[in-house]
Each structure stands twice: as C-alpha cells, then as structure tokens.
Amino acid sequence: MSDKIVCFGEILLRLSPPNHLKIFKSKTFEAHYGGAEANVGASLSLMGCDVKVVTALPQNELGAAAESEMLSYGMKANSIKQGERIGIYYFEQGASERPGRVIYDRNSSSFSMLKKGMIDWKTIFKDAKWFHWSGITPALSQDLADVCEEALIIASEMGLIISADLNFRPTLWNYGKKANEVMPNLIQYCDVLLGGIDDSENCLGIKTTEKESFEDVYTKWQKQHPKLKTIVSTLRYDANASSNTIGAVLWSNSKLYKSTEYKISHIIDRIGAGDAFMAGLIYGLINWSEDPKKTVEYALAASCLKHSIAGDINLASADDIKALMNGSTGGRVIR
Amino acid sequence: MSDKIVCFGEILLRLSPPNHLKIFKSKTFEAHYGGAEANVGASLSLMGCDVKVVTALPQNELGAAAESEMLSYGMKANSIKQGERIGIYYFEQGASERPGRVIYDRNSSSFSMLKKGMIDWKTIFKDAKWFHWSGITPALSQDLADVCEEALIIASEMGLIISADLNFRPTLWNYGKKANEVMPNLIQYCDVLLGGIDDSENCLGIKTTEKESFEDVYTKWQKQHPKLKTIVSTLRYDANASSNTIGAVLWSNSKLYKSTEYKISHIIDRIGAGDAFMAGLIYGLINWSEDPKKTVEYALAASCLKHSIAGDINLASADDIKALMNGSTGGRVIR
Amino acid sequence: MSDKIVCFGEILLRLSPPNHLKIFKSKTFEAHYGGAEANVGASLSLMGCDVKVVTALPQNELGAAAESEMLSYGMKANSIKQGERIGIYYFEQGASERPGRVIYDRNSSSFSMLKKGMIDWKTIFKDAKWFHWSGITPALSQDLADVCEEALIIASEMGLIISADLNFRPTLWNYGKKANEVMPNLIQYCDVLLGGIDDSENCLGIKTTEKESFEDVYTKWQKQHPKLKTIVSTLRYDANASSNTIGAVLWSNSKLYKSTEYKISHIIDRIGAGDAFMAGLIYGLINWSEDPKKTVEYALAASCLKHSIAGDINLASADDIKALMNGSTGGRVIR
Amino acid sequence: MSDKIVCFGEILLRLSPPNHLKIFKSKTFEAHYGGAEANVGASLSLMGCDVKVVTALPQNELGAAAESEMLSYGMKANSIKQGERIGIYYFEQGASERPGRVIYDRNSSSFSMLKKGMIDWKTIFKDAKWFHWSGITPALSQDLADVCEEALIIASEMGLIISADLNFRPTLWNYGKKANEVMPNLIQYCDVLLGGIDDSENCLGIKTTEKESFEDVYTKWQKQHPKLKTIVSTLRYDANASSNTIGAVLWSNSKLYKSTEYKISHIIDRIGAGDAFMAGLIYGLINWSEDPKKTVEYALAASCLKHSIAGDINLASADDIKALMNGSTGGRVIR
Amino acid sequence: MSDKIVCFGEILLRLSPPNHLKIFKSKTFEAHYGGAEANVGASLSLMGCDVKVVTALPQNELGAAAESEMLSYGMKANSIKQGERIGIYYFEQGASERPGRVIYDRNSSSFSMLKKGMIDWKTIFKDAKWFHWSGITPALSQDLADVCEEALIIASEMGLIISADLNFRPTLWNYGKKANEVMPNLIQYCDVLLGGIDDSENCLGIKTTEKESFEDVYTKWQKQHPKLKTIVSTLRYDANASSNTIGAVLWSNSKLYKSTEYKISHIIDRIGAGDAFMAGLIYGLINWSEDPKKTVEYALAASCLKHSIAGDINLASADDIKALMNGSTGGRVIR
Amino acid sequence: MSDKIVCFGEILLRLSPPNHLKIFKSKTFEAHYGGAEANVGASLSLMGCDVKVVTALPQNELGAAAESEMLSYGMKANSIKQGERIGIYYFEQGASERPGRVIYDRNSSSFSMLKKGMIDWKTIFKDAKWFHWSGITPALSQDLADVCEEALIIASEMGLIISADLNFRPTLWNYGKKANEVMPNLIQYCDVLLGGIDDSENCLGIKTTEKESFEDVYTKWQKQHPKLKTIVSTLRYDANASSNTIGAVLWSNSKLYKSTEYKISHIIDRIGAGDAFMAGLIYGLINWSEDPKKTVEYALAASCLKHSIAGDINLASADDIKALMNGSTGGRVIR
C-alpha cells in the first residue's frame, strides 16, 4: 500500500516497573517510547503502510532514542529538535482488582513548545492521503491547539482524509480552556472520529441523555459536523485490571455496525489498545471502504491483540489480526 | 492518626524464584524481608499509623538489610541485635493447579533465641494504644511463648488493646507442646482475634461439629475468653494457585457481619494476604469502631489488593483500599 | 524403580523471549534445552525411573550445555558427537488471543545427520525394558526414518516394550515422503501409541469420518497394528493461549477410559505438555498396569502440572502429580 | 553519636541504563533516589549519626518512593509535599575512554518551587549541631538562594556548625546570576568548605594564578570568609571512566594536610564520591577534631569505597572505612 | 553529509551470554543483530551519513527484527527476503586471561543463498558515492564471490569509491577455494583497503618476510593493485580479553601515518572494533581527504570507543569521537 | 581417563548479590551450589575424569537442586538424604578497594549431622584411585572429624592416593578444638597437601620463623608426615578485590618448583580459585607424574582461568587450561 499516512503528536518516554511491581518499591523501570498518534502510525507501518510521524524532540540521547524507536517500526520521522526534555509518563501496571496508574510528567517538553509556523505542513502533506491526530495535542496548550488547526486547514485544502481520536484526558486540559471550547473547531475538519457517548458533552459540547443510543448520539454529532463519515467507539465490560470483555461499534452512513466481542482473559499491557483500534480502523477504511463490518471487526481484533503485547505499540501484523478475525483464538501454537 | 501501634514478631528473609520458576531450576532468588506481625505493622504505617516493630536480628548485613526494609515503610524498629542468623523461608510461587510451597529454615535464628527479660516492654509500650502479635511466635519455643505472655501481661496492665492472628502452622510447633496447650493462656489477654473454625480445636482446644456456624463457634470462644470483643475470619473458595474467591466474617457484640466477596482472577503474590486483612481490621477498629460492617469490608478490600502486590507487605494506601471498597474494580487506568 | 527406559530423539536449543515479549522486539532469549523424547525421559527420571537418552550433539559448548542439562535431571546421556550445530527452535509465548509461535531452525543439525549403523543399539538396549521414540525423528530425513526402523527391530527382538508419540508436525516432513508413507511401517512395532483422531489419516493412512468415535478409530488402528495394546490421546477445549480445559482418553483392551478434566486458568508454558503426558503414561503403565483409569488420570495430572512450569520439561515429582490426582487444586500454599 | 545533623537539598530520581549500556539503546533504567546533600546525610546515618534530611517532594508514588529510600538509611526525613514532579537526572555510566554523562531534567520540580518562609528552620534545627548544604541549591533559582540564606542565618544564630560543598555545575546556573554573585554571601556563614582551586573564581570570585598552591588559595578564601576553619579538596589523576587515582587535601589552622593516594582500578559507580568524602569529613571533624590528618584520611577512604558501590550513596560503614584507612586493600575475602 | 554510502553483507543474530557467563551454564542469551559491513554502515549513519545496507534475510520474525534494528540506526535497508534462516553466531565474552570465543552457525542462511542477478545493483548504486564490502562475503560461497564481483564491476563503472575490509576468517573459507585464489580479483577494484601484514599472503597471495615494514608490504600491495589509494591497519599490543593497547597505521600516497595509541583498560565489548575503525576511516576520507593523519586518528578514536559499547555497533557520535581525538580521556562525567 | 576420583565434603547454597551490589541493598541473590571439595570434583569431571562426590543433603527442593547441579558437571553424586537444611553462605563480591565478604550460615545443615558409620566407604572407594578431602570438614564438628578419619583409614587401606586442601577458616573451628589439635592426625594419611606457610602452625602445629623458606617449611612438614609426597601453595601479590598477581610453588622429592605468574587484571569471581588449583594439581599428578613443573603450571593456569568464571566451579576445559599454559593470553577472540 503506497498511500502515505501522516500522524502528528507527542512521543513520550514511558517508565514502567517490571513484573507488576508498584513504583513505590521498584528499583528498575522498563523504558518504552510512544504516544497516542505515533502508536497509530507504528501499527499502520507494521501492517505495511507508508507512514510518517511528525513530532518534536530534544536534541539529546533521549530524543535520539525516541526517534530511533520510531524508525525501527519502518516509519519515517520528522522531528523538530528543540527544547530540553522529552515528556515522560510513569505507568504502573495494575493486576486484578488493583487498577493501573499513569502519572504524567510532560510539562515543558520539547513537543509542548511547538508553535504555529514551526512545521512545514505543505511539504509534509505532499503526496499524503491521510492525516491522523488526537485530542491529546490541543489539550496541552493554546499554541498546540493552534498548530492542530493550522495542520487541519492545510490538510483539508490538500484533500487528505482526516481522522481523530478524541482521547479525552481531563487532567491534561490545564491551560484555561475546556475541551469542548476547543475541540469542536477542530473536529469540523475530520472525516473519521473515535469517541464514546461519554465524550459527547466533554469534547463536542453535545449533551446526551441516558436513553440515547449510539445511533442517536452519533447522528447528532454528524449533524453538527457534517464532514464526519465514520464514527467509532470501543466498549469494555466486566473489566478488572487483568481481564476485560471488549467490543466496538462503527457508525457509517447512518448505520451502526456492532462487532463481535472478545473476552480477553489475561492482559499483558492495555496501554495503546485504543491506538491499535484506530490503526486497524484506518487500515480497514483504506482497504475495505465498502465493508464497514469487516473494518470494525479488523479494528477490534487489532485492539484485542494489543492487550497481549508489552509496550505502547501493537506489534501484530495484518496477517495476525486477520487470523484472529477469522476465528483463531490463540489456543494452538503456530508451528 | 497518632495512636502508637506495637507489633512483635520475627522478620525473615524470604527467598523466591522469579517468574514462577521452581526452586529446583532457579538460578536466582528474589529477596524480601517480612514476617506476619511486621507485615501488619508495615501496612498500618503505609495507611498513616504510627507503628513500631519489635524483633531480634543478627548484627550483620542481613540483619541490617531487614531493619532497613522495615524503616523504609515508615515504621520505627526496635531490634535486639543478637545471634548469628536471620531466619529464612523459601517460597515457590504456585500457578494454576500447582500449589505454592514454603520451606522454612528458621531454626536457631536471632529471634528464636529471645528470652524473657530481654525486651523492655514498659518502655516500648509507653504512649502506645495497640499491641499486635501472632500465633507463630509461641510456636517457635517455650521461651518465646514465655516472652509473649510477658508482653501480654504488661500490655494488659498498661491498658493497650491487644490483637492476635492465630496463624496456625502445624509444622512450626516442634518443641513438645501442642498449640492448644499454649495458646489459650495467651488468647485470654486479647481483644481482637483472627481465626477460623478449623483453628478452634487446634488453637483454643474447643471442639466443633460440622453443623456449627461461625456464630456458634465464636460464641464459644467468647465464652471461654470473655475479653474478646471482635473475632474475624477470612474465607476462600474455588481456589487454585492463580485465582481465588475471597470473603470474610466479623463477629462483634454477638453479631456476625459478612463481607461482600471478591473474585481475584490473577494472583500476583498471596503471601501476607492474611496480614493485610489484619492491618485493615486494626485500621477499621481504630477509625470506625462503631461500624463493624465497614471495618470488615475495608479489611477484606485490603487483603484483596495484597494479592496483586509482590512481596509480603501490602503496599496499598488507605485511599486505594477505600476505592476498591467503594466499587472500583480495577478495570480503568487511573490517569 | 530399576527398569531402564531408553528415549531416542533430538535435543534442541529453545530460544524464547522472556515475559511474553515478541521476538520482533526482544533483546534477550531464555535458553532451554529439550526435545520431545528427551522431555519424556527427563520427566520419568524425576519420577524416579532409570532413564537413558540417546541423541547426537555437536562437539562444542552448545552440545556440552545440552548434555549437561540432560544429566542434571538424573538421566544418563548417550550422545554421538558429530556435526557442527545444535538444532534450534524459537518459541514466542502467546497470551490470551495471541497464539504461541514456533520457528524451527533445525536443518543440518548434528542429530539430523545420523545414519543407520552409527548407534550401537544392542549395547544401549541391554537390560532395558522400555523404548520410547516419536514421529518427529522419521520426519526429519529418510536416514532418520531408517535409524528408527533399525532401533525398533532390535528393540523388538530384545523384548522391550515400545511406545511412540505420533507428534505430527506437517512443516517438518520435507524430504519427499508423507508421514503416512513412513509411519505405519514404524508403528507396527509399538505397544503404546499417543495420537488423536486427526492423526489417523495423516500418520496411519486410515481415513475417518466425523461420526467415528475414539473407540471406532482406535479399533481400526489396532486392527492394522495388532501389537498395539494401549492408545491414548489428550483433548483440549475452550482454549486460548493463556487458559485451556484439558482431558484425555486411554483405550486398552477394547475399552475406552475417559479422564476427568482440568480447567487450567493460567498457563505458564505449554511446550512439553504432551511429553509430560507421555511420561505419566509410561510411569502408569509400568506401575499400575492393571489400572488403566488410574494411569490416564496420572498422565493427565502430569500434563496439567506441566502447563504451570517454565521450559520444556515437567519438573513435577510423582508425589506432586499424585496430589493433584487426589484432588489438591493448588489453592493452598504447602508449608 | 547523638549530635543531630541536618542536610538540606533536592532528592532526585536517577535513571541509569544497566551494564554500561548507552541511553540510546537501553530498554531499562535502574532507579536510584539521591541528591548531593541527602547522600551526605545517608552516609553519615550509616556511620551511626543522627541525621535529618530537609527537602520537598511531590505527593505521589515517586515522592513516596524517594522518601522511603531516605528512611531506609536510618535518616529522618522532613519533606514538604508540594508540586507535581520529582526532579530527574539520567546517568549514563562511562567505561574506559568513554566518559559518563549526566542529563539533568529537574526544572519545575517540587524542590525547585521552595520559597522563603515555607520551611520551619527553627523547629528543624532544634537540638541540632551541624547544618550541611551545597552549591547546587542556590544554583536552581533566586528563591532557593534566598531559602539557603534564610537557613544559614537561623543556623548561625542557633550556633550550628555549617558545612558546604561548592558543587559547581555551570549548566545549572540559569536564572540570570553567576555563581560568584550569589555564593560568597552564603559562604560567609560556613565553617567547613569543600572546593578546589578551579572553584575559586567561579564560586568565590577570587582569581588565582597557575603558580598558586592550595595553601595560597585557601589562605585567600579564609581571608575573605574568616569564619572558615576547614577547607578541603579531592584530587583526581590519570583518570579514565573506569580507573582513577584519587587523593585529597585538608587545610586547617593555616596548615595543609595531604592524604595518601588510592589507585582505584575498577570503578563501579563514581556518582556521589564527593558526597561520600564530605560525609567522611564531617564524621572526622566531629570525632577527631584534634586530628586533621586522620580526618582527611578517613574522608578519602570513604570516597574511595564509594567508587566500588552502585548508586549515589556510600553504603560503607565506619568500620569498612577504617579498615581501608588502616591498610586493607580489598585483596582478601573477609570470612 | 548527503553522499550516499552502500554497504553489502550479511546480518547475523548474535547470541551472547550476559555478564561474562560461559555458554555452558548460561540460561539466557542477549540478542544483537549485526554484521561486519552493516556495522560499518550503522556507525556511519549515526555520524550523520546517508547509508543503505544491502543484504538478504528470511521472511520471518527474526528477519523482521534484524531489519528493524538496521532501520533504528537511521539507515535504509534493502533486504532480499528469501530462505528460511538468519545466520547466527554465538559470542562468549572473555575476561582477563580467558579469551572470547565465537561459534559460527551461519551455513544455509538466507544471505548465503544469494546468487548473481538477484540484486539490482544499478538501482541501488544510483546517486551513491561509496561502496563498502568485506572479505567475509566471498568466503561464504562461490556464488557470493561472484555477487561481489558483479557488484564491484558495476560500482566501478558507475564511479563509486570502493572500500574493503579483508576480514580474514580462515574457518569460513570452506567451499574449496583459498582466500588468495579469490580475493585479488576483487581487491583490484578497491580504492581503500583495511588489512594487516599477516593478511598479505593469506588474502593477496603476496609473501612477506619478517623484516618487511608496513611501508614495504603496502607498497607491494599497491603495485599489484594500482587502484589502491589508502591502506590501513589496526594494531593491538599487550592484550588480554579485558584490556588492550591499540594503534593504527594509514598508508597513503606512499607515506605511512602512525596514530597515537590508546590503552583501553576495561573492554566492554570488542566485537565490531574493526568495523568501527572502518567507519571512522570512511568518514575521515570523505570529510578530510587532505588530512590522512586526522583521518587515522579519527578512525582509531572511533575504534577505541567501540570497545566501551555493548553489541556489534559503535554508538559513538562524531562529536564523541572528536572529543576523544582531542584529548578527553573519559575521566570526567559530562554534565 | 578412567581412574575414579572420590571427593568428600559439604555442598552449600551460595547466595550472591548480582552486579557487585552489597547485601544491604540487594533485592535479588544469584544462587550457586558448590563447596570446596565438590568444586575440585566438578572441575576434574569437566577435564574428563570419572568423579564421584560424597555428601549429605536435605530431602527437599534445595537438596535436589544441589544434587542436580553436581550431576550437570558429569559427576556422580552419592548424597545421604537427612536433616532439614542445606548450608548457606552469602557472598558479597568486592570491587577494587572494597573486599569481598562471606557470611556463613551452615550450622545444623544436613552435612553437619553426619556421623561415623553413616557412609559406606568401602563401597564408595571400590575401583577408586584417588580420595580428596579438605580441612573445612573436620572444622565443623568432632563427628565430622571422626568421619574424615574413618574415610582416611579405609582409603589408606584400600590403597587410594589421598589429597587434602588445608583450607584453614578460623571462624569455622567452633566446637572446642583448634585446627592443630585435629588436623595432624588426618594429614598423616595424605600424599598430597595444599597449604601455605601461614598454615604451618595453625594446622600442623609446626612453628615457623620469618626467615624460613617454602623449602624449609615443607621439609619440616614432610618430616612430621612422611607419607607426604607433594606439597603445594598458591601465592597472591598486589591484590585488591578486582585484580591480583598469582603464582604457585610445588614441592616434590625435596625440590621446589616455582610457577610463572599471572597478572589477573579483571576478576570476575575469585571463589573456588584454590579449588580450581587443586583440581589442576590432581589432574597433573595423574597425567604427568614425572613432570612436577608442568603440573604446577597447569594447576596455576586452571586457577587463573577460574578468576574469570562466575560461580564456585571452574568451567575451563583441559584444552582451555593448556592453551593458557602455552601462552595464549586471552587477547584474541577464538573463532
């Protein structure tokens, strides 16, 4: 597949105690580099797509390590070198009734200092077909919200398909604006959106009642943002930190497609499960645009496999995902 | 909370193969320092209580390491330095149908050489409100049974609340006396007791029939030991080495309070789950003396979380425990 | 038990990423040495039997390490030193819906170069009572199929009981013959066979219909190979890579014995589960020849415990296995 | 020794790749908690002194871990809980010709937000005899320089002996003032100073010529800061990242005492070697005030041993240090 | 630097026991991917050059991992996907008097199956300025010797500068030809050659006497192969497995330039030290063609630093190397 | 070599912090199984000798692990199963000026409970040629001294060659007798002795003066114990915990043979260096009885290599040792 996909977002150093240890007593941290949008890109690259990630990183060994990691997935990387620190998040894996825990330490990172005019979007989008971003970026600063808008305007003008993951993290919206004051202006450019009913008021400013179904809510969203063609959400039930039942819905052309469900009995690492879903969705929309049901099944199977893979990034190949989609439950060793 | 709690017991070096390996082929051991009573103290300290652990340790690097570990939980440590060895137990984690296995190697330890008159209980109990011990100590030697009695008499005289965990380990009672020849004399000083129906004959010398309920049995116990105000027991069902359903009962004022149950689907480390329960119980009795139901729920939630934490000691904070008590099932990452 | 058991097969270096990592991103591999037939031998040796493994290994540090590992289980080793490489297989542990994956790299190994006449079977079988081999060996080359036949003829002449595990691995049969062109000639010497209904056509060339039961199929096998006295199969249901329900059947004297079932909720390592079953079967047939039900229960309990043990080899003792057989579900720590 | 020593400074999370790996390719970091002044305190505590460390930490798991680590050395900790992040430094161990490398990421840490009036110095200094600080703290902000002055004034008034390590790190002085505009005002309160000839202009604003000896330079320092009684410096020769020759000088009462030298052939971890020296110096000045030669020998032996110990903190006991001082070269195993 | 450099050679999986363990008792192997020519390319890429590595790899997870690793250094990779196995070498680190040990297991690898016509050299060399290969490739098979010749003819025609490392490994030349029957035909295309006096007869078929100096020998080489402009050799003295003194000579325009020497006191990993030298040499020849002395110093400093870095590949940047060249001995931590 | 060698002694579990950590802060221990006499046997077995180790171990997983380890070296093991604990020693690796440290915890071990009559020496010594023991065993108890005597009398009667390592550990002689009250009675049976001048008074009760040379002292020893044919000692100079110069002397037939010396620049693990020497000595005496100089060189080279190998046991092969003896200094990688 030769269509170029551009992902824009921050790449963080993730520090996690090994073996389900708590931060309090851990003497080592495992290091992973990732970020919501880069995770989507890396997964698409491993599925065979031509992907470029756009970000900013410090000019030091940590920045070099993060970029090297991105390259290792076969992506290209366009990293503005500025600032002095890579953003960090500490992730303490949960287990059974003990929830996982993320502590962000990403203020003043190189990425957070991006401003309008720093990135040459026209060159970056040349020959590209798809642009992906997420709601984490405009949460970080007014400047980054402006950079998002700048990118979205140019991407729209150049005819790219645009997807976004709402990724609503209330603790990140700290610069004085609420998500629903900023996001609607950005969502108007999007063709594809990942968001659940809970996000409706928080991110789009559209109130919902308990009675409203996904169809009802997504219809309202589409009315407010008529460019939206595909809206999706993942679902979790019966969840503790080690096992989950997951499903998904995809709304397209006023129709809702419900996926099958997976009972994930043993979670290795749930970080990036939404990003894996997003990557599967983009892959499906590019390859099977006529078959929304197949697309949502592929996206969910991708997300399901991510739960079995350490780190932020889904290492499953398109073949692995299709095998699960087609009924391989993992019960046999492949020889 | 400024009430001082004193815990008395042995601190052992625990040696466990990593990653569920068996001792037979393991080339490394993970080292933890803990002991039934110190585990209770450490957990209470992490919940914010003012705790002192009283023990004996050798004057060498192992003794120093054990004491350092105790200090790291915010406890004070009163360690008599004598003897030449720290007691050891090897713990092989089980998995699924393979049971966990403990091999004790604690004979001739520094703690096992304690004798009456060595510990200045009056100074130790000054300003203290609570004294906690367990049935492991009098199991080790006649001398240690005598030290327990010595401590209990002084603690009683000084008006401390006294709690005990029966902790019946048949393989430890090797000096010629049976538990039920020694324990009743010590239990008479206790206000709070952790023990199940199985312990009735073994530890208190009170026979039970299969028909007798917790109410029946605990009523008999209270009759024999009228100082007892609160008696508790944990319950396990459907257990294999990796998953358990747990519950608890608390008997107080002739009433039995039954906890909710937790299905723990993935056990990280079950050692110290009873000690975590005991710590939760003491915390509850101090804070919500009027609300036995809340207390047993808190104690069980503490024990439940311990199953998700490596090592002997429950690292969960009071807030973590309350969150579980209030319905957080661990299914969401806290960000 | 002083009866000598001889196992013949390749010993491979297994390279596995730790902690469920994928090969793609793993920077370390755990090294285990094992092989289908040696695994059977090692397990029997740990149960107290007198076992010798016959194999070929290179005269280098890897060959020495493999032999040392075999000795460490108390087996004797008869290793022809030839060739330049030890066979390898990479094993990526699966998790939940992600299947485990084996990549073989065993061509041109020392073992694969064995030819008729190289092994002094008469000396090896002296005083031996039992000979065990598997369908992996004749899959590797015509020469190895010939060596198998050579061994089987001599073993038969010398009166040994002969067992085989069909171990059908389609990707290994690469030298121009199909399994069912080679295996029937070898199976005719066997008293004991491990194989499922799926193997009937593939290995014995006997077609089956969906309606045929184990009794039906095994009756046909026995008709074709009248020396067969005991035929067994393991069963798996509801399986993903982390949990399985397992059972087994044993057919003997025209009667089928069905085992109880185990729901293995947390798999540590499933490699060698069939070999553990085979070892349990041989142990049972030697010790309780009159009690096929007990034998199949013991074999299945052995296999169940193997799932909880890292590496290729079942480290459970006969006592451990009997405890599970007798109802210990692993829910209590043995102290 | 019951004299209380107070140390004031930041406690950082140190992240180091294991096994001499470079950050660029390391997938794990070892975590240590330490800081120049806390390292001095921890070492003194392990030598048997009564030490309290004063600092600020965030109210999260990282802050709790840092405090727990401090307690584990037997120190008391007085941590103001504020802000959101613990300061970090990445430390890449060097080897042979490859230098070690520190990347600071400590801006906006909890400690860096301290301001005058936040710390109750009078209570902290009650019953204390010694106050130790270092030049790192006033390098971080004007506010912290003011806090230092505040502490120094009160400590002086309350009659504490005051020691400082100049610890000149040019990359940290970023708030618009040079070290020699700030430090002299603070040094005037000090009795004991650790600093080399290179620091003279940088920190005290006193120019030196190449011809001037330690005696010459220190005499000038003492003239400018008449309260100074003891001035010391460590010396390094023939150094690469794995081996060093170290020595030291101590100037007291207008006399210079030169230590013996150690050829450290294998460096395990050189971070904190200066802090270990400082701790040894304070210990010596308290215990052997009449014997400056013994004091500088003890301080250097302490520093020498620190090079053999992983992490920031010198774990050597006073006995270990005295043994080296008395000629034990490490060549024999102590049994 | 925008000049494109092409490196051609095999990429192997290296399996090394950690912590200086011997293979015999090691239960884990560290995995590195590298190869003589790819190591040169990776190092040049980290210095900022535009590099492509040409190789062949299997279409499986090991091949993907090897390619991912190459991409992580910023190189492009042109991997023919064929065959079934990645070549392996086991490397046991030596220590002090115990030598390091390499066991090759690379027969039948994907790379070893390359044949003339499989690689599109014209496209690969488009816009390229430099081609690097080594004597390991023609050692593996006649086919690979032919592929080398094919590449060399096209590279020559297209005007690329050509460099080679003789890399004489006697144990690899197994297909019936001696090195000096094959290599001269290939060396004739080279501008730059890395080889020592010992290689003269073995690789070029030119006998030498003990009296002959580097000048004498290299003059003969240049006479036989008049295209040669630069010939270099590294030197080792006083070597054990943990420490070495290294130097180098560079012969250019009939003049011999001798480098300074480094006493490497603590070797972390010596594999790839020659490749690091080669990369430094190419970098120097491109950047300072007029300054052979500077070039040889840079190349040796690069090689020196490689000894301090784990794995096959020199992770030192051009700045790191220049710092050593300019006298930084590693004795100070860079902050 | 088919001559059977019998070694008698305790096998201990050694617990060592990894990576030069101190026990005080180590959270893991590496586990090795070994003991002075078993180390000698294992090394001889790896050199190709037929060795049996005689010991006592508990009937638990630790005892099984220790025995398995012995078997893995190709030795036979004759372990009396009794008692409840395996002896332990903690070993903290030193570094540079920090000495290594052994903490023994071996009282009440299975081995320490051996008594006369428990071991069937006649059967064990059948067909054996050599018996090796060391001074550690009679240090542990009067009973063990008696068992040694029992074994020595029978070995003498059966014509075995007898060797002993004095292995004087003052801290082990705790049962009321001094070494020189017990050892002379046992040494009288020995043909070969390893001991230095310092041991003369301590172990043999023979006073020496500073002026006396090895010849002088050994002549006295031989006079007191006329059966002694070969007496040896190792020598250490310029030692710190990381580097040593070692040498050796061998006295035979009134002649002293001095070995060459090795400067071991990087020690990996010095435990067992004397045992490695002893094994080399026995190997030499068996193979080159006519060449004492060759024997002492081989023994020293063996000991030298042991310093580069982790654990108690010398894994070097006879070929490795001969290579060093013949001048290979470890400076070149063997390919």
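Going in written order, the chains are labelled A, B, C, D, E and F, and every chain counts its residues from 1.
Following the convention adopted for this analysis, a residue touches a chain if its C-beta (ideal position, glycine included) is under 8 Å from a C-beta of that chain, and two chains touch if they have at least 3 such contacts.
What you see is a predicted model, and the numbers here were worked out from it, not measured in a lab.
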> How many steps does it take, at the fewest, to get from subunit B to subunit F if each step moves to a chain that touches the one before?
Replying inline: 1
> By CA centroid distance, what chain is farthest from subunit F?
Replying inline: A
>> Shared numbers divided by all numbers used: is that above or below half for subunit B and subunit C, i.e. same or different?
In response: different
>> So which of B-F, D-E or B-D matches A-E, with over half of the contact pairs the same residue numbers?
In response: B-D
> Could you state the distance in Å from the CA-based centre of subunit C to that of subunit E?
Replying inline: 45
>> Counting only Cα atoms for the centres, state how far subunit C is from subunit F in Å.
In response: 41
>> Distance between subunit B and subunit E based on Cα centroids, please, to the nearest Å.
In response: 62
>> Can you pull out the residues of subunit A that are in contact with at least two other chains?
In response: 18-19, 22, 24-25, 27, 68, 101, 266
> What is the shape of the graph in which nodes denote protein chains and edges denote touching chain pairs (line, ring, star, complete, other)?
Replying inline: other
> Tell me, which pairs of chains are in touch?
Replying inline: A-B, A-C, A-D, A-E, B-C, B-D, B-F, C-E, C-F, D-E, D-F, E-F
>> Going by the contact rule set out above, which residues of subunit D touch subunit A in the complex?
In response: 15, 18, 22-31, 60-62, 64-65, 68, 84-85, 88, 90, 92, 101, 103, 105, 107-108
>> Quick check on the complex: what are the subunit F residues that touch subunit E?
In response: 18-19, 262, 264-268, 304-305, 307-311, 315-316, 320, 323-324, 328-335
> Which bits of subunit D are touching subunit E when the two form their complex?
Replying inline: 19-22, 24-25, 91, 94-102, 104, 169, 171, 236, 238-244, 266, 270-271
> Can you list the subunit D residues touching subunit B in their complex?
Replying inline: 68-69, 71-74
